[in-house]
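Alright, structures below, take your time with them.
In the two complexes that follow, subunit A is the common piece, with subunit B as its partner first and subunit C second.
Moving on to the complex of A and B:
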């Protein structure tokens, strides 16, 4: 376990020093400030617009990690051979994968915590600027739950990125597969609903229905972790739903990482 | 009879690249390194030297044959606690400092915190890097990076040092420093496996020299048997042109 923590800590430090991270974080904070002004155009829905905007930016900040840092760091380790630095020590390939994953998850958590704080201050600024009357429906609990669930969704995507990075040999292919996973993960629910009960006059072949149903179980259902609208409307997210989603997320991450470890342990690395 | 700390027996390795022809790196490598010796591997490009080292590090898995490193399978991390590896182009994390790397090596080797700091001071002094210890590795010159990587490789006091072109791109002062460290390390009873194209360095440092060609060990020589530097060069050239 010590070794995994050591790798996680090294990965976290390395991730924190990426310039791209600072640039985008500053841009995200700037956007949130901009949201305060933009929301003024929607007087009756100020709080909804503000929450939706801030949660979208928080989610986007978190997504930086799987799309840029995870792919960049994993394929970079292989291409620049920095992986040798770690594996030439008393480190197994399993410990490498788990350490990297935990380091990057910690990095995601840090980014999302900073953006969550910015969300809180933006909402506070909004209530001072426009008056508390417009913020009556605000539920900080729902906003916080939405951010936590969003983090779990991004962690799942991070796990899948590990799988793609161990399976492919180029960062380009890993990025393409990650984009595909993200799109499928966010639309599979709607597609399943459509093929299972198509509108009148539309027929869907049984083979397509079966294929889509299989996809539903193979790819992660990322849309289930998107509760921005619920939080924007001040509705509660039941604790049991959150717990079930977290359970699903942890199982999917464990499955992705286990597959990654199996593939990675059979590969020539240099 | 001295203990054999590194053993290769009829080891074969073929790389299979997608859509490309398979490339055989090792045809049938048999090699033994005794405990406490400095064994040099020389050979032309593509002879299989790097693949041999990568197999020892567990980075590449061999297809057939037997490999043992201090009686361990090199693919298991347990074998890595006995080795320190210095690659030809050190690949440390450019955004992190040497201190960060050494702390990591200490944690992985499960040293207590106090001992990690003591060992860091020792190594920084040894490789003459005390001044630049907190600077990001990316700002180092080639020679400094090589010395930093040597400190990282020797952190856990390994019994076997695997050095791939350790002096490449270094100035004479840096080369002397590295040679002195290698010789001192060997005097302490440790084993060194040394790969280089610089025949004078190989002849100066190594007790035995293996000449590799076309994925196998073509010949093994004792340094003491060689009368001059030219003799090693002649043997190398005649093996490589066979």
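Moving on to the complex of A and C:
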């Protein structure tokens, strides 16, 4: 456990030193300030527009980790042979994978926490600027729950990135597979609905229906973790739904990491 | 090239098929809906500022955009208010407004306003109290419905309540609106309707006293029922119709 913690800590500190991260955070804060001003153009649903914008920025901030930092760090360790040095220090491949994952998850949590605080202050600024009347439907509990669920969704994506990095040999291929996973994850619900009940006059080949049904269970359903609209409209996200989603998320992450460890254990690093 | 793009009238995103736009928006449907709504209201604001009315094609483009916005985020209230205040009031597109408001009835089951707007349009614009009554009764059952809606549903056949229904609707819209330009436009419309209502009340009193409606509105001034004839803020003229209704030649649309 100490080894996993040490690798996680080193990964976290390495991520914090990344200059891109700092730039993204500054840009995100500017964007949220812009949201405060732009939301004034709307007639009534000011709080909904503000929350939409802030939660989108929070999500984008979190997504930078799997798309840029995770792939960059894992493939960088492999290309610079840093991984050989680490593994020669009596660190198992399992400990390496788990340590890296927890470090990057902590980094994602840190970024999203900072952006969540920015969201809170943006909403506070909005209620002072436009008046409490337009913030009657605001539910901070729903906003917080939405951010937590988005974090779980991004953590799933992080786990899948580990799988792609252990399977592929280049960072480009890993990035492409991650983008594909993200797009499939967010559109699989709509595609399944379409193929199972196509509009009148449209025929879907049986092979496509079967393929979509398989994809539905193989790829993570990331759309289920998107509750931005629910939070924007001040609606409650039931606790049981959140608990089930977190359970699904943890299971999928565990499966992805287990598969990554198995593949990585058999991989020749020389 | 600069001139060409500065004169571009409206967003082309409004022409994208709804399922395609929803799929392309991924997890950012709310933000895409907000962006599209911002394009729509800024285009309308520009038209109002230069005192020009959008063309029929522009109104249709705005309806298609509102349809897309409400597909992306069915609970988003601003597009429905835009449909009511612009498509119905300004463009006379009652069927299109009804298509959008029907979505709001399903997406906002806790809100009395979609049914209220549908009932109001049927009663005030289309002159069909029978069609309006079920909407208003449905609106009255919502927990946030004001108490006057039930009374309105039962009083709809009374002539005098038609303008009053519009005044009540507008007072609520003005109180609920943040945007200064939209608030000003609605306030002008409200003031005009209050002028119409006061003229209708003076006419009702004249008829009660003399048994007939006067030949013209100026008779109300000479007979002492009103001090002066109000001026239409939209630049038109108030005229008296044969059935005793007061009509504005501007039709509550700004004329230059």
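Here is the rule we go by: the second predicted complex is superposed on the first by the 270 of 270 C-alpha atoms of A that agree within 3 Å, B and C clash if a C-alpha of one lies under 4 Å from a C-alpha of the other, contacts with A are read in each partner's own complex, and residues count from 1 in each chain.
Here is the rule we use: a residue touches a chain if its C-beta (ideal position, glycine included) is under 8 Å from a C-beta of that chain, and two chains touch if they have at least 3 such contacts.
The structure presented is a predicted model; accordingly, all values stated were derived computationally and were not measured.
In the three-chain model built by superposing on subunit A, subunit B and subunit C fit together without any clash. Across the overlaid pair of complexes, the angle with its corner at the CA centre of subunit A and arms to subunit B and subunit C is 160°, in steps of 10. In the superposed model, A:56 makes contact with subunit C only, not with subunit B.
Shared-chain residue A:243: touches no atom of subunit B or subunit C.
Look at A:223: by the touch rule set out above, it reaches subunit C but stays clear of subunit B. Contacts of A:27 after superposition on the shared chain: neither subunit B nor subunit C is touched. In the superposition on chain A, A:179 makes contact with neither subunit B nor subunit C.
Look at A:89: by the touch rule set out above, it reaches subunit B but stays clear of subunit C.
With both structures placed on the common chain, the touch criterion links A:43 to subunit C but leaves subunit B unconnected.
Closest approach of subunit B to subunit C, taken over C-alpha atoms in the A-based superposition, is 34 Å.
Those residues of subunit B that touch subunit A in the complex are listed here as 15, 18, 54, 57-61, 76-78, 80-81, 83-85, 87, 89, 91-93, 95-96, 100-101, 104-105, 107-110, 136, 152-153, 156. Contact residues of subunit A toward subunit B in the complex are 2-3, 5-7, 9-10, 13-14, 17-18, 80-85, 87-92, 95, 169, 266, 268-270. Residues of subunit A that touch subunit C in their complex: 38, 40-46, 48-49, 52-53, 56, 59, 130, 134, 182-183, 186-187, 190, 222-223, 226, 228-229, 232-233. Residue ranges on subunit C touching subunit A, taken from their complex, read 19, 22-23, 26-31, 33-34, 37-38, 41-42, 73, 75-78, 81-82, 176-179, 182.
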